[in-house]
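Each chain gets a letter, A, B, C, D and E, in the order it is written, and its residues are counted from 1.
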Amino acid sequence: MKTALALIILLPLVGGIGNILLGRLLPRRVVEVTACSVIWLSFIASLFAAGNYNGPAVVEMGPWLSSFTFSAPISLSLDSLSLSLILMITFVCGLIHLYSIGYMAGDPGYVRFFALLNLFTGAMLLLVLAENMLLLYLGWEGVGFCSYALIGFWYKEAENATAGRKAFIVTRIGDIGLAIAVVWMFKLFHTFSITQLNQLGPSHPGVSMGLITALGLLLLLGAMGKSAQAPLMVWLPDAMAGPTPVSAQIHAATMVTAGVYLLMRMFPLIGGSTVVVAAIAVTGTFTAFYGATCALAERDLKRILAYSTISQIGYMMLAVGCGAVTAATFHLIIHAFFKALLFLSAGCVINALHHEQDIFRMGGLYRKLPWVFWPFLAGSLCLAGVPPTGGFFSKESILTAAWGKGGMFYGGLYLVGTFTVLLTVIYTLRMVFLVFGDRVPTLASRLEGAKASGPSVHALPRIMEIILIPLALLALVGGAAGGLLEYFLASLNGSAGHVRLATEETLKGVASLVVLAGMVIAWLYYGYGSQHREVRIAGAEHPPTRLVAFLQAGWYFDRLYDWLFIRPFTWLATILWQRVDEGVIDDSLDWTAVQFGRTGQFLGRWGSGRISVYMLSLVAGATLMIGWFAWEVL
Amino acid sequence: MMSMADIQIALPLLILAIGALITLICGAIGRKQTTGYLIAVIAAVGAGLWSMQTPPALLAPGLGLSASGLTRLFSAYFCFMAAAVLLFSHSYNRYRDIAGEEYPATILFATFGMVALASATNLLLLFLGLEAMTFGFYILAAIDREQDVSSEAGLKYLLMGALSAAFLAFGIGLLYCVRGSLGISEIMQTTLAATVRDPIALAGWGCLLIGMAFKLSLVPAHLWTPDVYEAAPPPVVAFLSGGSKAAAVLLMVVLLVHVAELGTLRVPLFGLALLSMLVGNMAALRQNRVRRMLAYSSIAQMGYGVVALVSIQGHGLQAAAFYAIGYGIMSLAAFGAIGVLEANGCGAELDDYRGRGFTQPVASGALAISLFALAGIPPTVGFTGKFLIFAAAIRTGENALAILGILTAAVSIYYYLRLVAALYLQRGAAEQTESISINDTVLLALSCVLIILLGIFPAQLLDFLKIQLL
Amino acid sequence: MTSLPVLSLLIVLPLAGALALIALRKQENVAKYLAVGIAVVELFIACWTWSAAGQQPPGALPGFFLFEDFSWIDSLGIRFTLGMDGISLLLVIMTALLTIIAMLVSWRTIRQRTVLHYILLLVMESSIIGVFLALDLFLFYLFWEVMLIPMFFLIGIYGHGRNIYSAIKFFVVTLVGSLLMLLAIIGLYVIHGRQSGLYTFGLSGLLGTSLDPLVGLWLYGAFLLSFAIKFPLVPLHTWLPDAHTDASTAGSIDLAGLLLKTGAYGLIRFGYPLFPEAARTLTPLLTIMAVAGILYSSWIAFAQKDMKRLVAYSSIGHMGFIALGIAAWTPVALSGSVLQMVSHGVTTSALFALVGMLASRANTREISAYGGLWGKVPILACFFMLFAMASAGLPGLNNFVGEFLILTGSYQVAQSATILAFLGLILSLVYTVRLVQEVLFQKERQPLPMLDVTGREALILAVLAIGVFYIGLHPGPLLDVLHLPVALLTGGTP
Amino acid sequence: MIVPLSHLLVFASVLFALGVICVLIWRTNVIMVLIGIEIMLNAAMLVFVAGSYQWGRADGQVFALMIIAMTSAEVSLALAMVVYLHRRKNTVNVDEFRQLRDR
Amino acid sequence: MEQTLFYILAIVTVIATILAITEKHPVHAIIYLVTSFFALAVVFYLLAAPLIAVFEVIIYAGAVMVLFMFVIMMLDQGNPEEARCPLLVHCLPALVLAGIILAALLLLLSGRSTPVAPIGGGSEKRLLDVADFAITLFKKYGVAIEIISMQLLFAIVGVLYLGRRRKP
């Protein structure tokens, strides 16, 4: 077991580091094969671990940091939650790696790409398996760094680099929350071990519920950053700047799920605080709604998917907020499958269209890319939560949990969540219709002239399309895994209210109806042949209306932060530097020096060269001295 | 009747006097220039060596001379200093065309005065020794007849010196009136003991102190210093700060060693020290003429010396004596180096020193080391000296003086560094090679070694002084 | 081991080497190799002393596993006392290592007055090791000031820009503090002497001096001022950016890697143990200055246009963390501070070395002149990224370990200050990422002549990179060796 | 004892002060400055003689004699310098000798 | 008698000195000064210092003053028109400083607190004679004679050096 766990983490890390060090010397194929094989070997190791799994286990690998009471060994823990996640991560990442071989076929920076991709996976695995908070933090930040480097992979474009930077900094803000929480927990519990923390919990002497709440909120801050939850979600849409496999990996398997994972992990500790739980639920719900609205107006294919991720992660948060850790995990895994699927197929589309990402400039692709269309459709349905796809079940279980909590508050959350389902269906199908639906000649294509009836498409590497199939299958039938997980993760569930079967069925029915309604609306607006579709496509050329612009700009959060933080920050940085540091501190020193010099010059003028002055001053000194003595005697 | 012992004690004085006469005679009968220097150096070294050996008695009552350890130490120091200065002068004077046997003879005469001062046990000898030494420097300051400014400096020095001598004489006279004796220890015990507060003695001390302030170039009697330093030949300046000022410090030490505390004298000395440190260091900050800068620095350094004198209860005299010797060696190195640099065509301005550090490594190196020493940076004698002074000040409880002193010392770093920066950090105009005589090289190296050795291993000298000044 | 005066050897060897170099000043190549050879030997000796860890020689303070005591100026109670404990050990090894790095960095870039450069580096090494080993306050002070001289010349002779201004500023400002410290040392000496009748400058003797609270405060204030200037803590830092900007690469490495550490070391070794009460009273002040330093300098670093200045400001920020850890004075925080000193030495030196390498190629340090290096010089860029990230405190790399220990330890006693310090972590990432982006990423802004690393440069960077990873991933041995001294200092159980 | 010591000392002080005035007033004429110094030294001699008279010891007289000798040496040197400088500048106004000064 | 003589002489001395220092004409000033020195010499004589009185007359009033005269004549300073009268502004600081010194000295010197007994058994108050002086001078202060003679020698050396013509 120990070996297996060690291998799971080490293999990707070794692969990554090996490629960094030696990759430039090796032929391309070797690099690619190494990169993929380490992940798949890691998957095999995970399978092995799963096979031998018999209850939670903690394995200590060796020492890392230890000083007085401060002790953070390299120890891993395997329990049902982490096991299911590592299986998912290694599998999905493995597929993404394979896909990347095709995707990155023409790129000269492949060594860096694969190395970072490996490290990314390794860091995520470390995050998941870590037994103590410090190790988790190591993975956590590692993920952040890799995402930074990968989002800015095509570094020559300033926007890409900026996007990476934004991701890194925004998530770092959340990380600080986590870090403070870690340090605080150490102060309270004198340990970094997650198992111990969860065991000690609020019952520990000197720990009040208020403290737990504070800790929970800090952890939530961390999760917000990593999982792109409001208000720290602004980095995710921009993170699309990276290569598509990176987006897939960020959205599906690694990175964004880390926040949710953290909350699930620490749920036994923080779940007791109603405030924290409610905060998590509200955050999730709001973010879900926010993401869905933004996706509705977005035109960039990948950004739509990004907003959808924000939204779906919001659901997971809602689930955690409702205490339904199982549901969250379930949705997390299903989401991983379909989001990977969607991204990878979107990558195919974009690749095929020479990096065209505006959905209003696409269309008619279902004929040209049938191998992409069907998987994409499957993924979309799953995202939309159309029964009986996996997405339907996972999302349903979340909503049920929300309903099950009862009360005005959670009821309200349920309603918002359900409404968001409607929006989800609409924007998903909008995307599908616009991308794949037959194309009516638009302004753009008319301008392009008689080239073709649709955008020109170039052939895709086979491997990219093959990868989509298993994912599509998993997305479709993943719902069946729900029961299994339910059983598997039962121990993790918090105070999720139990719902009677009848209610559950009713809720499912409601959900199905909502989905259906959404499909109808989407069809009416964007469906093939509807009038609205033409209007929309034509309208896309004009400046957007105020509401659309508002949504497209992500509710102007970016601009708000720019005004609130970035500008004052840069402005003040210059002020501090030039006015305060050089203007006050430095200049006051120089000023003092100059004054000393002036005084000296003044004193030097005493030595005027006139001997009468010399003698006068000598006599004056004598006068003072004798006068003083006389004064003394008086 | 003079006994053998008396002669042994007086021998250094005799050697110096006779050496001076022989030098003059040699010049008169027209021997080569070098002969005079040679004789003078031999006389100085001989006198120095002689003072180092233990005499049969510590006192020659019939002559009013003492041969205590302190006396012998300082006599030897003055003699060796004179020898070094003579050697430095030899090449510098050739460069400046200062011919004649008067120069070495006068150096010997000044040394004679210093040694007399150092061995005096009564105020008459002390006064005469002091005046003889100063008189020698009047001549030496004006010795460079090629320059107008040189005799100007001589006259300024002379007028101020005469004025201060009048004050000194008047002061000593008043002290004499108090006790009817010129013996140092008697007068000191009468006039400074805590129980006696004789107004006449106070008036005498007032006059005496201002006279000493001139000799030590303390503010406000300091103004002659920059002028003399600027105009006199560098070796003479070295002798002035290393010999004359050390002798003046020694004089104060010899006077004050007889009392346990300063009493009324504290405030004037405090004021002198404070003013000298402040004015000296500040005025040097913006000086562009190197020698004037060092003159102001010497004013400040003497201020530190007075801090030591004020701190009499905390082994301050020991510190003062140590510092006097240390300062002498530092100025010997500094002005010796400046002499060599000037002989190599370096002007008086700071800018003329630019880049010399690499074209004239020996002289510049010595100058830099002595500058760091003057600035009080370890491991030099300057640091150890300052350390002792401030330790003494704090032990005595003169905290304010110590703090102000250390702050002015910090300010002073600036101008020392300016010169170092000019030497090493700036580019000079022309690359030229150094022409430096072998004896200059040896002397510079020796004084630098002494600066550092005394900085690192001051223990022996200190212990010696401690025993002498107990 | 005990028979050989290793510690004196550590101090004397570089000095002897410097003297030998003076003799060899005409043969530059021989001199260079000799200098590096001496530095390497020094490093070996320094590492070898580790083997003595755990011993307790007679007469030594507890925790010191090597101890040498020679008679010096006995009449003043000054002795030549050297001692090495875990803290000194790490710092001495770091000093020896960074000296080699500094020498190698300037291997080709220093073309004039070459031999003098190596002499200065050796003298610098000797004096800094002296500071780290001295257990007599006089001796400590001696080394403390001696190290200014070679640094002055390193900035002045081999620097550029306003090098004279910077060199003099550096010297004068740091000296103002140390001179006041000298007075405080003397004051302590006198007070102790009056109390016990035994006048001594030895640390072991002075440790138990009982001071009037006000007097203690004044004395400690002087110590703190001196150390804070050296640290440097805001607002006493103003000499540092200038000194760095105008110094040569080797000068910057010595300055940031070694010289700044002496301030922190002094505070740990002398400041707190000698004046425990006063230190406790002034701890809030230290904390405030530390946190202010972290935030303020990190903020300013963001606006910098000159790469080296940016690194200089960042260095002030990192030193703020060290100060925070010392202010906390808990075992964990203190271990963290010491470890962070080493880490910071490694990282910042590497960054300065990189900036130097870039500047020597492109002849400019303006950030806005660079861009797109990632594609042009991948290996260099890779190292750049690594060290930048280490500087930003990425876990797994060296700075994280120290910083996290500091923050953890400090959080136990100063919660709000630590939270502010955490914000500093964000700021440090912000400027690092900006630097990385503008230098490595984006399009090439000017056609700069760029070659990838040479073998010598690769060696330098690789050694430092190993340091980064070693401390980041396996700091165990270092923390173990710190355990005993830190425990003794903080009064915890060893 | 013809007069009390204090009267002698007062007399000497008056002379001394007059000498000081002479030195300071005649700032322009080096000869008068020297004369002032002579007056001051005479005052000092008076003090010594008075002291020796008071205590019945000859030390003070010896000192006074030495002052006379010293003064003559100093005066001769000073006058030589004055002559020397006068040859150059054609003035005895000391304040015009100010090539050396802070600039 | 002697007492009266002393006071008269003292007043003469002071007045002559005042006249000397206020006189514009250097030659006149010297004459006044010689007068003052003569009076002072008599005071010395009254104070049992006949030798000093003689020296005062011979060396001071004689040699030194004659030297001054020589120089004045040599430098052609004998014209009172050329000798500028000191301005009042210049006088003021001098008068103030000297006034303070005088006042302080008078304050300190006039009131003698406690007489101290002379050292050594010689408490007998007897008038000194020339023999006393000579014995003291040669027995006790032999070295002083050496020093002062050296100084006189070097005065000659210095004057000769300065008087030498410069090389063309």
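Here is the rule we use: a residue touches a chain if its C-beta (ideal position, glycine included) is under 8 Å from a C-beta of that chain, and two chains touch if they have at least 3 such contacts.
Predicted, not measured: the structure shown is a model, and the values here were computed from it.
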item	value
Contact-graph distance - origin subunit C, target subunit E	2
Farthest chain relative to subunit B (centres taken as mean CA coordinates)	A
Farthest chain (mean CA position) relative to subunit C	E
Chain pair, most C-beta pairs within the contact cut-off	D-E
Intercentroid distance (Cα basis), subunit D paired with subunit C, Å	64
Whole-Å gap between the CA centroids of subunit D and subunit E	6
Whole-Å gap between the CA centroids of subunit A and subunit D	96
For subunit A paired with subunit B, centre-to-centre distance based on mean C-alpha positions, whole Å	77
Where subunit A touches two or more other chains at once, by residue number	601, 604, 606-607, 609, 611, 615-616, 619-620, 622, 626, 629-630, 633
Shared-contact residues (touching 2 or more other chains) in subunit B	122, 124, 128, 131, 135, 138-139, 142, 151, 155-156, 159, 163, 167, 174, 180-181, 197, 199-200, 202-203, 206, 226-227, 283, 287, 411, 414
Residues of subunit D engaged with two or more neighbouring chains	5, 9, 16, 19-20, 23-24, 27-28, 33-34, 45, 50, 52, 55-57, 59, 62, 66, 70, 73-74, 77, 81-82, 84, 94, 97-102
Chains touching one another, given as label pairs in label order	A-B, A-C, A-D, A-E, B-C, B-D, B-E, D-E
Complex contact set, residues of subunit A against subunit B	593, 596-601, 603-604, 606-607, 609, 611, 613-615, 617-622, 624-626, 628-630, 632-633
Complex contact set, residues of subunit D against subunit B	5, 9, 12, 16, 19, 23, 30, 33-34, 37, 40-41, 43-45, 47-48, 50-52, 54-57, 59-60, 62-63, 66-67, 70, 73-74, 77-78, 81-82, 84-85, 88, 94, 97-103
Residues on subunit E engaged by subunit B in the complex (per definition of touch)	104-105, 107-109, 111-114, 116, 118-119, 139-144, 146-148, 150-151, 154-155, 157-158, 160-162, 164, 166
Of all residues in subunit C, those that touch subunit B in their complex	72-76, 113, 138, 141-142, 145-146, 148-149, 152-153, 156-157, 163-164, 167-168, 171-172, 175-176, 179-180, 182-183, 186-187, 189-190
Contact set on subunit A toward subunit C in their complex	20, 24, 63-70, 109, 112, 134, 137-138, 140-142, 145, 148-149, 152, 155-158, 160-162, 164-165, 168-169, 172-173, 176, 179-180, 183-184, 186-187, 569-570, 572-574, 576-578, 581, 585-586, 589
